[in-house]
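Handing you this structure, nothing more for now.
Going by the order they are written in, the chains are A, B, C and D; count residues from 1 in each one.
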Amino acid sequence: MTTASKFEAVATSPNAERAATCDASVSPTGNMELLSQEEVRRLHEVGHGDLYELFRRCALAVLNCGGSMDSAEEVYRQYPDFEIEIVQRTRGIKLRVRNAPACAFVDGVMLNGVREHLFSVLRDIVFVTSELYHPAENGQREGDYESIRVREHSDGGEVKNLVFDVLRNAELLMPRSLPRLVVCWGGHSISREEYDYSKSVGYHLGLRSLDICTGCGPGAMKGPMKGATIGHAKQRISKGRYIGLSEPGIIAAESPNPIVNHLVVMPDIEKRLEAFVRLGHGIIVFPGGVGTLEEILFVLGTLMDERNSRVTVPLLFTEPAWSDGYFRKIDRFLVDTLGEQVRDYYQIIEDDPEAVALAMKQGIASVNRNRRKTRDAFYYNWLLTIPQGMKEPFEVTHETMAGLQLDSGLPPAELAVNLRRAFSGIVAGNVKDKGIRLVREHGPFALRGESGIMQAMDRLLGDFVAEGRMKIESQQYDPCYVIESL
Amino acid sequence: MTTASKFEAVATSPNAERAATCDASVSPTGNMELLSQEEVRRLHEVGHGDLYELFRRCALAVLNCGGSMDSAEEVYRQYPDFEIEIVQRTRGIKLRVRNAPACAFVDGVMLNGVREHLFSVLRDIVFVTSELYHPAENGQREGDYESIRVREHSDGGEVKNLVFDVLRNAELLMPRSLPRLVVCWGGHSISREEYDYSKSVGYHLGLRSLDICTGCGPGAMKGPMKGATIGHAKQRISKGRYIGLSEPGIIAAESPNPIVNHLVVMPDIEKRLEAFVRLGHGIIVFPGGVGTLEEILFVLGTLMDERNSRVTVPLLFTEPAWSDGYFRKIDRFLVDTLGEQVRDYYQIIEDDPEAVALAMKQGIASVNRNRRKTRDAFYYNWLLTIPQGMKEPFEVTHETMAGLQLDSGLPPAELAVNLRRAFSGIVAGNVKDKGIRLVREHGPFALRGESGIMQAMDRLLGDFVAEGRMKIESQQYDPCYVIESL
Amino acid sequence: MTTASKFEAVATSPNAERAATCDASVSPTGNMELLSQEEVRRLHEVGHGDLYELFRRCALAVLNCGGSMDSAEEVYRQYPDFEIEIVQRTRGIKLRVRNAPACAFVDGVMLNGVREHLFSVLRDIVFVTSELYHPAENGQREGDYESIRVREHSDGGEVKNLVFDVLRNAELLMPRSLPRLVVCWGGHSISREEYDYSKSVGYHLGLRSLDICTGCGPGAMKGPMKGATIGHAKQRISKGRYIGLSEPGIIAAESPNPIVNHLVVMPDIEKRLEAFVRLGHGIIVFPGGVGTLEEILFVLGTLMDERNSRVTVPLLFTEPAWSDGYFRKIDRFLVDTLGEQVRDYYQIIEDDPEAVALAMKQGIASVNRNRRKTRDAFYYNWLLTIPQGMKEPFEVTHETMAGLQLDSGLPPAELAVNLRRAFSGIVAGNVKDKGIRLVREHGPFALRGESGIMQAMDRLLGDFVAEGRMKIESQQYDPCYVIESL
Amino acid sequence: MTTASKFEAVATSPNAERAATCDASVSPTGNMELLSQEEVRRLHEVGHGDLYELFRRCALAVLNCGGSMDSAEEVYRQYPDFEIEIVQRTRGIKLRVRNAPACAFVDGVMLNGVREHLFSVLRDIVFVTSELYHPAENGQREGDYESIRVREHSDGGEVKNLVFDVLRNAELLMPRSLPRLVVCWGGHSISREEYDYSKSVGYHLGLRSLDICTGCGPGAMKGPMKGATIGHAKQRISKGRYIGLSEPGIIAAESPNPIVNHLVVMPDIEKRLEAFVRLGHGIIVFPGGVGTLEEILFVLGTLMDERNSRVTVPLLFTEPAWSDGYFRKIDRFLVDTLGEQVRDYYQIIEDDPEAVALAMKQGIASVNRNRRKTRDAFYYNWLLTIPQGMKEPFEVTHETMAGLQLDSGLPPAELAVNLRRAFSGIVAGNVKDKGIRLVREHGPFALRGESGIMQAMDRLLGDFVAEGRMKIESQQYDPCYVIESL
């Protein structure tokens, strides 16, 4: 469709004003308070080895809590001198930061919320790398955090155990607590009206004692939390949970907003998606862009799998009047690609925050009954089966993108897998560090497939561009993809 | 200056749409959970005697939590059928409401925050009337809650003990807690810019772990709490305190906003003012109208009393750039009336929320040192001396208003007392039920005094009218006063 | 029956070794932390007026926590220089003790448990005197705390409200908590075997999550608490409640044992008895002496009142094999005096601690059902009616004792009232300060009545003497009474 | 010295009365509440594989909470039909027991304390086997839990990390808590006087807010906890910690007493000893037998290591008057074998519980200073170096016992290692299941060494036998060892 002429411009802007910074040394929170000397030693290694750059970038992302950029590159460039050091002491560790974004500090002292996020990042990277993963053998390139890969799973059940392990280690799983966690998906780049609408939905969810889980970042990931905060306050709920699930590739583009009181950095996008659907008790989708589409395709491809016929997952699509039929377009795309039966799995509610909250409350009541009947845990959806293709990490390159089979001859579940990958690749090309670099070097990704499907995609993506849903500063969006019908 | 031609209009509007309502029966919270049978019996009497109308109106005010009106009359008229009944049971009480504002309910269940406010109202009225006050003997007029009056105090120290008793009974006093409570004063009818500014100041106070105390209601009473909520969330302070101090005469016009998590209904305006200055550790004043002036005069008249020379009370006036010198005008008025030395007691900071928060943080640190040195409690300023004239309830009538001596020959402290009363009377005429009725019946209050002082007042009040600071819906404000120079 | 030749000996013993003592200054706990200046002033007066000696003696009793004497006189004599001062500060009070029993201190610091007891004593005396009572007009004699008397109650219901007020002020009433409080009565002077048995019963109660309430002191008042402590520990109950209800006349003879974690000093013996039956959910009686008989007669006289026919109060009498039919003798006495139907109200279980605990568990389950049915509170038995004669304070003198009508012609309920008074008088003559003085000065109390009843009493009291149940050091017990048949 | 003629007798006694039993199904506590499906699967395997017998025996030991036997064999024989099953559910596990000792139940429901212990056992066995150990390859014999062995440690620091991991997983390490944990060692078979003395010491420790850690079981392991419970109650310390450290080989002989509120089953005796000295802040030794000697030699051999010259570990030996110079004999033995300088490392206090508690309080204050100075953690003594020989698991067989070099030519530290092993072997021969079997089959262990040392040992062991310190029922103790001088 287009070329990528603007990337050079992004790379330079040498006169960008240097942002205000702070130095500080902070003590650990949570389970990073109790480390063995062996763990401290391994952490120290992390602080000097291949993982250092990964950790540094995630740390910068959470420290940049006041930021409103969605470009990882921009964030990194704004704080070129930022350093973070893991200081080893007999009794544990400290983190020392230099040239960190000043917005994370009050009168020279780091915000407690940011400090918690910082140690959450450390906790998750260390846990995942030392307990579960082995670093890529060929980790020769600097900052090559994409090369961290799950070890071979002989057993298909292992991913759900791994996701469970990460979430439990983050102290996120609460036995003997009733279902009340609503996952909210939607765009980070949305209009003021859509943001206010997501806030209003969150408010009505909070009034009904429901908690919120999103992917961190601005827009539809922040609105529902802000709204729920007020709803919880009115109901005197002091332990409301605002859970943010991120992953190393996206965290810099979608900094956890400060209301998030539980941050987890999942190892990759696929495990992050799995965490959403196993942890949450219902899902609400607001208008968004390609990332939102990826999420919708993930959950629908999963729910359509016949092995999940006994599992209850309430799924609502909602938008304000302002959005003018956004979800009707999505609905058309889904029916065009996955068939009419896809409509069995979601409900669209337009411009009625209270109705959304009520429907979700009822949906979660049915989840409660379903879990009791199937004897599944309330805190983790063990019985859901994620199709194999959805679980496998998708390495975004020009080759893999070009190789995606987008053909109506495929079974809907399989097509959903490939469509999700296609949108996932576009997300990477838009906002992820590595994706942006690939597109800058080699031009936009090419997607090829059956004409009907490609037209549906082209129309949808065109709408996204037209409505400014691709990137926050998108006056001059240059697509990172080209669509070609076979 | 003007006459009061519009009052008839207010009285009618018979076709006002009837608001949505709910019925419910709610169980007590806090110390209303444990009542003796004798107390239940007395409460039951309250529910049927002279106090019933007072209780009913305050209850309606807190139930009307979504309202944005500042006219008590309007609120009462909108819910004419509202009833509240104290139901007696062996083991305690319940409250049954009928035709209550629907905004206080979610799916038919009363908001916990509103339920708490409801029992706070009951607690305070019952405590005050049964423990401390005796009802007016001549309580012949319907709803004459203004006639509840403190019994004669032989001992000048009794009011501070009484205020202490009310606050302790409300479980508001916390031993072994450091000074951190900032009183925020300012108008309920302010511009969006001023509201956002007060929110920003509250945010920076919250980031510094400071709590907020206001007079309930919208505008500058709500903004700092909302801001502090976010600041506290970022610092992971889950027990932030948002204290609202009201009184029966004002509560309907200034409904407690839902963020208030400690509501106390003080017996009258003078005790409410005393509660502010004894409970709070520092005071910030935002732009406002006559009520704000009343508060400023109360605190300055008190601080200027030489018996308070050893007491530390940080007092800051602050405004956004938008307000364009509001406090410079106040400053001029204060100097014109109370003399140059009044400037020793306050500091003006313009358009810098962070500087305000920092100055208050430092001010409270000096309060901490002062309390330690004088061995005063942190939770209550025992050593402050309130001048006698400030403490005495001022019954607003045309006679008492006309009788106020406003003369530069008076000592500044005495003049401050009379000026406070003058502004207090205008507040009553603007928004209090009884004051509105008096003015409607007999025309505006006349204020007479020395020419210099009256001109200063006239200028200031004129500015308030011009800037819309008198009432929320003030397109056509008809003054409830006339100024006459002697 | 006898004379009182030993009392002189008790009065002297001038060479008694002076016990080790400590001086200290302690800060308040509980609701004594937050006092108004007015309250501090009143307290200060207490510390210097007629109440001082009452407070001093109760304070000494709780400080003497390691003591094993049951003679108030002995305790007072052992610490003749003991002083306690209420120190007034701006922000509250401190207590300063001089020459206090060293057993209340560890390394010079007062035990937290004793400190709590000390402020409980202050709290209750102050609350009762300042809120509820008015000091005796004729308070001419020093330390005449017996003359503190309840004001006239026009309303028969007032005592239960007063008892409620005292208990609530002591923070003892817990709304929303299920019935689980077992009152244990029995002697302070019992055999090792009986003590161990009471401990075993307490252990099995504790294993069943039941809490204990006794009258403080050694013997059967301490055993069940010690046993329950272990039972609670095994069940991981960290908030087990060990409630001690005392009164000023008995506290010196029955010092609260250190396991008591809620001490309340009721105004007099009648209100203490009323507190037991309204607060507890079931009653277990162990072997004891005249005080135990007083308690048994109080509860039976109450339960036999037909107005209580709908009220459930499980009442168990139990003893170890060693006691050899103690309760069979009590049973006979009760049948002889109150008639056969008295047996409907209690159950005797011999030598089976586990059976006692099980029966009590089932009894409390029926209390739970009864309270739900009658809609009474769990935390206070409002519906129980205490006969008027049981509630009236009985002033023990030679005249009042001699004047008691003990005649089978009386209705059982009325006879129970007089029998209780008779035993209450003997308790006073045995261990209460004032009673001991009366008997020393005027010889034993004379009790006169119908032959059958007097013989039953004489037999029972003779058994108590023979079994050493009158006083702890009773090798040479000189009865403080004579029994005369009319 | 003797032969082992009684072992046959122990093996039979076929008519032993069958003890009362219960069946039950219990839900997990602590971190066994949140298990992944993978962990549940592994647990299920545990329940059927080689580890089953190990788990079953430890489970029986904690269920046998009312037992007073110190012979593992006896315990196992009394409940031959006892079974425990790990029941797999979607959301986690349950444990189902059959024919379990009735003493662990109240009205058919398992005691919470025992339930916690049961899941502590499961937690520790599973954690250790799945996370840290690999099962013995040659695990051919049933119930051969002695063959679980630590994997080769290339790094000498690994054991302390492993011990840390086990303790942290047991939620025993508390950051930000001051030093207050006193390890109490001493015999399980002691006199009533010695038991009461240990209780009194515990009481005085508890009064000083100190917590207790012992090896579980009766005697000197139980007394200090019982005493501390009362001391804590008097000081209103509701979170007193009573930590029991056991190991699979000893747990059946030394069942955790019910006061233990943190039970950890360390993998073997050496790691248990390391846990004691790294977790505790000071050590008190009461009279005991060979196990106590083993502990004394372990800590002295460690403290005498010159690498520990900067580490503070208060070590007190104490006994009541009744014991009549027990520690003077120990002192002589230590000086005879390890030399005069050994006396620098301990202090003996005879018959003065309060002095012991005061000395320990001061000792722990110096630990506090030492940890601050060396920047070591309060919750774990990282800086202590355990000599290699103390750390290595010692497999007790006739060969290894006979091979111990007991020669004054060795450096004291090395001799201490061998002496500890010698005593460790005698413990095994006395009370451990496997040791008893070895001695029954092959006769007593032979110990050979230099004459002076062997005489000192012989004299000490003879005293232990004479004083009944070898076994609880030791009327007819047949030594499991022979001493031979070379």
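Here is the rule we go by: contacts are C-beta pairs under 8 Å (C-beta built on N, C-alpha and C of every residue); 3 or more make two chains touch, one makes a residue touch a chain.
Source: prediction; values computed, not measured.
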Could you name all chains that are in contact with subunit C and with subunit D at the same time?
-> none
When the C-alpha atoms of subunit B and subunit C are each averaged to a single point, how far apart are the two points in Å?
-> 49
Taking each chain's mean CA coordinate, subunit A and subunit B are separated, in whole Å, by 46
Approximate Å spacing (C-alpha centroids) for the pair subunit B, subunit D | 66
What positions in subunit C touch 2 or more of the other chains?
-> none
Which pairs of chains touch one another in this structure?
-> A-B, A-D, B-C, C-D
Flag every residue of subunit B that touches subunit C in the complex, lowest number first.
-> 33-34, 36-39, 89-92, 157-158, 160-161, 164-165, 168, 173, 175-176, 374-379, 382-383
Parts of subunit B lying in touch with subunit A, wherever the complex brings them together | 106-107, 111-114, 116, 207-208, 229-230, 233-239, 258-259, 261, 358, 361
